[in-house]
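Presented below are the structures under discussion, each in the form of structure tokens.
Across the two complexes that follow, subunit A remains constant while its partner is subunit B and subsequently subunit C.
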Partner chain A sequence: MENYLIAMCVSAGIYALMALGVNVVWGFAGMVNLGLVGFFAVGAYASALLTIKAHWAIAGGMAAATIVAALVGAVVALITVRLRGDYLAIVTLGFAETIRIVASNAIWLTNGTDGLSGIPGPGRGTLSPEMFNLVYLAIVGVIVAIAYVMNERLRASPFGRVLRAIRDDEQVAAVAGKHVTLFKVKAFAISSAALGLAGALYAHYTSYIAPDIFVPLLTLYIKLALLAGGLGNDRGAIVGAFAVVFLLESTRFVIPYVPGITPVQGAAIREFLIAAFLLVMLRYKPTGLVPEQPTRLPVPPAPRYQPTA
Partner chain B sequence: MGERDVQVMPAPLLEIRHLTRSFYGVHALDGVHLAVNAHRITGLIGPNGAGKTTLFNCISGVVPPSSGSVVFDGRDITGWRADRIANAGLVRTFQIARGFPRLTVYENLLLYGGAQPGERVHDALFRTSAARRREAELVQKAQAIADRLNLVRLLNAPASSLSGGQKKLLEIGRVLMADPRIVLLDEPVAGVNPSLAREIAQHLRRLADEGLTILLIEHHMDTIAALCDHVVVLADGKNLAEGTFAELASDPVVQEAYMGRRGSAR
Partner chain C sequence: MPSLAEVGQLVVNGVMAGTILAVPAIGLTAIYAVLRFPNFALASHATIGAFAGYVANAKLGLPLLPSVAMAFVVAGGVGVVSDETVLKRFRPAGYVTTAIASIALTIALENVLRFIFGNELRGYDLPIQRDFRIGAIRVGPQQLDNLAIAGVAMAALFGFLAFTRTGKAMRAVADNPMLAAIKGIDADTIARVVNFVGMGLAGLGGMLIGLDTTIDPLTGFRSILSVFAAAVVGGLGSIPGALVGALTVGVGEELCLLFLSPDYRSAVGFVAILLVLTLRPRGILGQRAF
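Let's look at the complex of A and B:
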């Protein structure tokens, strides 16, 4: 049972890293990225292939996954730079599906739908499974903590201020002297870097990846995590990720006690419960568990009163 | 169009030459020319649909012109990106007080401050001293501008919580943060109560006296009369007339096209 809980915490940590990444584009800059699982997949495959086929060290594979995903993110941002809202959502959704289909068919590289197995993990084989899980949890925890600090710094900085301005009105941001395209590309690259690293962490943890892991449902789980936690708020992103994993896993225990349903129906009920949770959340707490806080700066003590002439 | 008078004046700070812009076959601007002299307030008036806002959009890089040129301070800025034009010192406002509703008044002001290294990712992540120093300067400046515009109490309030008039003041404040050489104001007193309209006009007068160049679209004729040294009238995307407000107010062509009886009753 402890091992199971630790494994769930690792999952939640990986979800939290993804939610933090998505927060940069969606929460700060207001761009909808429905293709986030695509960047997650790019990172997972990059690190898996480099460590299995090129025998890179795991850390090297993870670093490369981060960089490759960031570059892919920058390219996707450049391609979609004129798209907003629903249009951006549908194109990014298409991007993620494209990645999945390429992974299914480029058999020479990705082993197709059979997937890649035997991805090395730090200390797997030498450590006991419990120790491996604990070590991995520590690695994920440190990475999430670093990502959190980086996100918070970005959010509070003039850079984050420009992103939040773009979220409110892109055209006025341009007139304010900001190179909107450049900021969007940077935001997308940063976000994709976090998603790619999350993918690499996933691959080295489970030791096996296949195209059918990278389905749009995972994108929706991360969106749900951000909405539940509080869009635009980094603490909210982490809280939301843990809430979603808790919800997903707790339904797993509840369903078997519902009489008269088959396991397949049970799985469907699970999705249904999650959808219901999202609807309730959006209806009653649209700003999330930890809403975005306005920034406060010191105000000069007493405004000098100037009588108008 | 006839020959323009040769003005015995230094070169204008902003010059528009034969600017055209069509939207799906409709000529919103049809060969507009305009010269804005430095340190003056130039008015731009005309009936609704005359092309005033389209002209602002073309000058500020929001919409590219179909033909013609925009020369700012001796440089041809036609077709430049909006942010590049803003950074060159030409800053505009929008007719309906647009801006960043979810940012605070402070942030709205700070955003317009240029040359902030903290807008680069590296400086943002490592909180470099250059970024912090610039931010401290900008905060000082924002406080001074807020003080001037009576917005100090609202500095930490989200911009969405401001009244219509306060939003107009904030627009002027944001523009000032950019240290512009010329500002294009699109109806700065529209929908504002008369006493605040007078206050805004006073602010603009003082700014012009301090050396700022202003090009102003306004339907509120008292404001135009009180502020503008020179007024240009547009109608149907073309220049109709120009001169002092008094000259235009007695011009029958302008009265017919734009002012109707209100102008002659003055």
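Let's look at the complex of A and C:
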């Protein structure tokens, strides 16, 4: 039971890292990424392949996964940021599907739909399974904490302010002399880096990845986590990730008790509920349950009009 | 080196596949032209059409043409209802929010189908026919039927847009919503019409895609990349563009078989999207509704 709870916390931590990453583009910069699962997959495969085939250290694999995902994110953003945001939606969704197609078919590299197994984990095999889970939870916890602090610093920095200005009105930001394209590309790269690292963390934790793990539903989970916690709100992103994992796991326990349904039907109900939940949140709380607090700047008192004699 | 006949066969296959792909791509681009958001729910509506046709054909024993009509009407009807009850409410919040909502909607609808039909692959109940041969090139009779159905559907749509009052009103709204409103065109009615026609075409396309192989709840989602590629390559929002784009993507996907394994076929669509967005973002025919 404790192991189950710890495993739940690890996946919530990985979701939290993804939610923090997505917050940078969706929450701060107002850009959409409908294929975030693709960047997650890029990170997972990069780190898994480097550690299995090239015998890199796990930390090295994770660092490489972060960098590779950031570069891929920058390229995807470069192609689309000058266009209307709906093209970014199409390209990111297409990107995630393409990654899945490549992962399913480049058998020489990814082992196709059978997936990659035997991905090393820190201390797996030498530690007891309980210890391994705890150590991993600590690693994930530290990384999420660092990501949280970095996101908060980013928000308060001039860079974060420009991103929010771009979100609220791109033209105004451009008129103020900000290089909108460059800011968007950078934001997208930072966000993809977090997604890639989350993918690597996932791969080394479960020791097995396969293309059908990286489905669009996972993208919805993260969107839901952000909406539940409050869009643009970093503490909310973490709380939201835990809420989503709790929701997912509790439906896993409840649905088998619904009488007269097959397991496939149970899975269908579960996915339907997640999608319906997201629709309700998006409709009634588009800024999330805990909306972003507007930054208050001290307003200097208006100079009093002095009639000159 | 591939022989000329081999290349010819691939081009013929590509044109056939492209004509079928054009049907849902036109649906997508028509909805985009009027409502101004990329509607990813097209995927589930294509699947709904495929299943509606399946029920008509394999369960009720109807022949091909009534089954195809059923696919169009059911998918179109669901399209109107789902837009009225779900997506319409998101439109004031902007196209990004609406696009995300349409993804959630497509997953919800897909799971309704999965709940009813399960995950098994299902096939239509159609007679197996021998392929024709014209010189060195083989053509299946089913492919020709599909081609004819797709052609008639598109001709009907072009006629509708060019000659009927509603069709003209639709183009007016796509061209300039404010001016259309001043002329007294009711935007809500036009939204319903374009959803019925667009999602109907998606359903018809889903069935045509399924006729060649089998269908399951993911049929629509698997082809969405090619459909979006067709619409973007031709110019999102341009109906003739969607046809040109679909033929380009269809032939491109087939010709890539010369040096790629068939499994990468739908990745070709993504490469096409990236190329067009880099070189000519407005697409081959540019963004015009008609």
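The rule is simple: the second predicted complex is superposed on the first by the 289 of 309 C-alpha atoms of A that agree within 3 Å, B and C clash if a C-alpha of one lies under 4 Å from a C-alpha of the other, contacts with A are read in each partner's own complex, and residues count from 1 in each chain.
One rule holds for everything that comes next: a contact is a pair of C-beta atoms (placed from the backbone, for glycine too) under 8 Å apart; a residue touches a chain by one contact, two chains touch by 3 or more.
This is a predicted model, so every value here is computed, not measured.
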**Request:** Could you tell me if A:176 is touching subunit B, subunit C, both of them or neither one (first, second, both, neither)?
**Result:** first
**Request:** Considering only the touch criterion stated at the top, classify A:217 as touching first (subunit B), second (subunit C), both, or neither.
**Result:** second
**Request:** May I ask you to decide whether A:256 touches subunit B, subunit C, both, or neither, giving the answer as first, second, both or neither?
**Result:** neither
**Request:** Could you look at A:123 and tell me whether it touches subunit B, subunit C, both or neither (first, second, both, neither)?
**Result:** neither
**Item:** subunit A-touching residues of subunit B, taken from the complex the two chains share
**Value:** 60-62, 81-83, 86-87, 91-92, 94, 98-104, 106-107, 110-112, 114, 116, 118-121, 123-125, 127, 131, 135, 139, 143, 147, 150, 152-153, 155-156, 158, 174, 178, 199, 202
**Request:** Using the touch rule from the top, collect the residues of subunit A that touch subunit B in their complex.
**Result:** 150, 153-154, 157-162, 164-165, 167-169, 171-180, 183, 186, 190, 294-300, 303-304, 308-309
**Message:** With touch defined as at the start, can you tell me which subunit A residues reach subunit C in the complex?
**Reply:** 30, 32, 34, 79-80, 82-87, 89-91, 93-95, 97-98, 101-102, 104-105, 216-217, 219-220, 223, 262, 264-265, 267-269, 271-272, 274-276, 278-279, 282-283, 286
**Fill in**
Interface with subunit A, subunit C side, in the complex: residues 37-38, 40, 86, 89-90, 93, 95-97, 99-101, 103-105, 107-108, 110-112, 114-115, 118-119, 221, 224-225, 228-229, 232, 236, 261, 263-264, 266-267, 269-270, 273-274, 277-278, 281
